[in-house]
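So that you can tell them apart, the chains are marked A, B, C, D, E, F, G, H, I and J in the order they are listed, and the count of residues begins at 1 in each.
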Amino acid sequence: MLFLARMDVVFPDSMDAVTKADLQAQEKEYSGNLQRQGLMKGIWRVVGEYANYSIFDVDGHDELHELLSGFPMFAHMNVKVTPLAKHPNATLDDFFGA
Amino acid sequence: MLFLARMDVVFPDSMDAVTKADLQAQEKEYSGNLQRQGLMKGIWRVVGEYANYSIFDVDGHDELHELLSGFPMFAHMNVKVTPLAKHPNATLDDFFGA
Amino acid sequence: MLFLARMDVVFPDSMDAVTKADLQAQEKEYSGNLQRQGLMKGIWRVVGEYANYSIFDVDGHDELHELLSGFPMFAHMNVKVTPLAKHPNATLDDFFGA
Amino acid sequence: MLFLARMDVVFPDSMDAVTKADLQAQEKEYSGNLQRQGLMKGIWRVVGEYANYSIFDVDGHDELHELLSGFPMFAHMNVKVTPLAKHPNATLDDFFGA
Amino acid sequence: MLFLARMDVVFPDSMDAVTKADLQAQEKEYSGNLQRQGLMKGIWRVVGEYANYSIFDVDGHDELHELLSGFPMFAHMNVKVTPLAKHPNATLDDFFGA
Amino acid sequence: MLFLARMDVVFPDSMDAVTKADLQAQEKEYSGNLQRQGLMKGIWRVVGEYANYSIFDVDGHDELHELLSGFPMFAHMNVKVTPLAKHPNATLDDFFGA
Amino acid sequence: MLFLARMDVVFPDSMDAVTKADLQAQEKEYSGNLQRQGLMKGIWRVVGEYANYSIFDVDGHDELHELLSGFPMFAHMNVKVTPLAKHPNATLDDFFGA
Amino acid sequence: MLFLARMDVVFPDSMDAVTKADLQAQEKEYSGNLQRQGLMKGIWRVVGEYANYSIFDVDGHDELHELLSGFPMFAHMNVKVTPLAKHPNATLDDFFGA
Amino acid sequence: MLFLARMDVVFPDSMDAVTKADLQAQEKEYSGNLQRQGLMKGIWRVVGEYANYSIFDVDGHDELHELLSGFPMFAHMNVKVTPLAKHPNATLDDFFGA
Amino acid sequence: MLFLARMDVVFPDSMDAVTKADLQAQEKEYSGNLQRQGLMKGIWRVVGEYANYSIFDVDGHDELHELLSGFPMFAHMNVKVTPLAKHPNATLDDFFGA
């Protein structure tokens, strides 16, 4: 079951560079794991913004919320989730190469 | 070069069912061609809305506008385009199985 | 898996009273069936508006979209869907008396 | 008399983890009491956000405001309340199993 | 129990002057009755707009929705309802001279 | 001459409880005086929010601004003012019992 | 007592050119009269839009609403009114040359 | 060439009263000079808000930006500028008494 | 003096294809003339939308409004104008090759 | 390939004047380099705001994001990017004098 998420990152003014870099490193590892497990099917940078669009493939809402709220930078992100269904004009059941 | 598009369809109240069905059939064929050519990497229905999110892979803006304005239902769609770049946390260069 | 939906109805100015009443009767039957099947767990009128909030319990996005787009008045509704997860402070697994 | 509430939590950047955890524990107890008393008929997490939708069943506006402003985290929440009436298509007088 | 309502009137372009005048006359009578019954405590014109703010005093949500949807011009109004509670700084229990 | 005002209070995160309580006590006294002088015809709490709707009866804009900017908590309030005129359907010249 | 108004004109698609021209001529005469009477202190076109900002000087809200709703094109205008007070930095009591 | 400006002032929570008063005194002097030079044709307080509408008469955009960014409180203001043209219904070339 | 304009075109549902094509041909000629006269320094299509961004270089607001309202499709466009000044980081006085 | 960007600068309240001036000097140098390399075709100040509109000419999205996120003040800017295509009414292939 697919969900599109847009995540916007806003760090507090007071956060120092080391804390930021540390959070970003944790984020990268966490994000990589989700991708390798097939739970995150794609992630792209919104050009010019500290934001991404990503697509998740999970079995349910509790799993997705657990997964999203587990992001190391979750406390500094605004996340909007859109549930996606199969489109009648889609030529493939799965666009992600499975 | 990837772009995320959200397309919302709004038909005029006065449009009859046959015209709608005809436009939808043309749209399906047009969309299928774009997918088969690798120009549209994916398309998904927004649950509960006459709308889709889709991802395009094109070489430039003129090509993308020509492609979008060529949709048979273009006159009845609101389209918003977001340019996407590679995300630093992405584990793949191409999430679409290429 | 639960979803909150808000549906706002906007009929075209040109629709006559008989067509409206007919659509509303079909809608009532369709909605009643969804409730009896346990797919729609609740529906409430937004006070002062031709709108409702309702809660759906379905197995997936394709099922939910099929169900929502099957509403007899779907062409005249704006629908916004919000996926709901279990809340950590919830005292029940299911608030709908199951 | 039913009300839908959406509550969004925003903690100040300066709040430390212990204060947060303490507020969350108080919140859980307060919320549980409201549920056990039948004043809060349901509460669900908005997927991907520090936010909930909840439904309250109270006798009046003063009672509801007292109840909402009594939440331990009230000073850090944005709350929007929507009054709900019986929907003409509802098959039950009470969807919460009473 | 008090509610503030804002009602904005939008007539279809195609409505003729006689129909409008007839609806306005019915509206005036309906509104007058609500005021005389003490259900509508006040109504004021928003300066420069075909809109009003009004305050209702009813026993519940079903009653309020029935009352609002009974307005002869309801199909041509956008209504937003805000529930009001007693303010801690209020010097009177009832500002409407009861 | 009547004006509807909506006032939303937002205290800075850094304000301590004593300062808040002190401001609130001053506010209550100030508000009470305006009500007793007949300048504020009513004030109601927006359910679930640190906000009020209130109605002012003043002779002019300079007087109203002086009065509003004199609120002890004015620096922490967002205020929106709407001028109100007599409604053609009103059955009373003055709804406030004068 | 001064008010700033912004008026946006939206004619129905179906209105013919003669009706428009006739309304515009009536509007010009009506507007000119208000200016000559000193009730409208100024009117300016918003560059690029069928809209104006204007400043009214009236004794009260009922007068202003009567004046605004008397515009021949009122049914085709969206009007937003902002009450203006004397600014503490103003060097003149009246900027309009009185 | 006329421009309407709306300026909203937002001071940081941490600014002390002396700094505020000093900025306000500088602002008053600066604003007075602009008015005496005929560059600012009028300034009015938005009732209930720490905001003004003002009208500028300048020869070009560079001059206007220099003038606006020179306000002592510029760093604490949100400014929105609207270019104004002569209105076809205007009875005067200059409403400001020149 | 430069202005950025965004123009969004919305044709009425009832407009036939010949009228549209005729308006578009007139528009192209009008736009070309403005460009050749150096009044319009550039025009670009917003990708995916029936909209453009364009930059105008005119001597004043009356001239710009006359020019914009002279567009053959003006009645079917929403136009928003933003005045532009020289940027302190600009390396050229004129970016358009003059 | 052209992109229009709007950048709004918001510095934290706590940033001192020296840091600001230093960032602005770095920004000016960085911006000048982009212009000299032909990557930034133009930049203009939005009159009255700490904001600019600028036009970029790059080969792809990764290049543009790298370029934008490299601005010394990027952490303090909100950037919105709009992809631009050739307009059918354009009389030149390149408006920037190439």
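Points to keep in mind about this one:
Basically, a residue touches a chain if its C-beta (ideal position, glycine included) is under 8 Å from a C-beta of that chain, and two chains touch if they have at least 3 such contacts.
Small disclaimer: the values here were computed from a predicted structure and weren't measured.
Common partners of subunit B and subunit H, by the touch rule above, are I, J.
Because subunit D and subunit E share one sequence, their contact can be compared position by position; here over half of the interface residue numbers appear on both sides.
For the two copies, subunit G and subunit J, the CA superposition rotation is 180 degrees, given to the nearest 5. Each chain gets one centre point, the mean of its Cα atoms, and the points for subunit B and subunit I are 27 Å apart. For this pair, subunit A with subunit I, the centres built from the Cα atoms lie 39 Å apart. Between the CA-based centres of subunit B and subunit G the separation comes to 44 Å, rounded to the whole angstrom.
Subunit I has its Cα centroid 50 Å from the Cα centroid of subunit D.
Residue numbers of subunit F whose C-beta contacts span two or more other chains: 2-3, 13-14, 45, 47, 61, 64-65, 81, 83-86. Applying the touch criterion to all chain pairs gives A-B, A-C, A-D, A-J, B-C, B-I, B-J, C-D, C-E, D-E, D-F, E-F, E-G, F-G, F-H, G-H, G-I, H-I, H-J, I-J.
Those residues of subunit G that touch subunit I in the complex are listed here as 13-14, 45, 47-49.
Across the complex, subunit J meets subunit A through its residues 3, 5, 12-14, 61, 64-65, 68-69, 78-81. Contacts from subunit G toward subunit H in the complex involve residues 2, 4, 27-28, 31-32, 35-36, 41-47, 52-54, 82-92, 95-98. For subunit H in complex with subunit I, the touching residues are 1-3, 60-62, 64-65, 81, 83-86.
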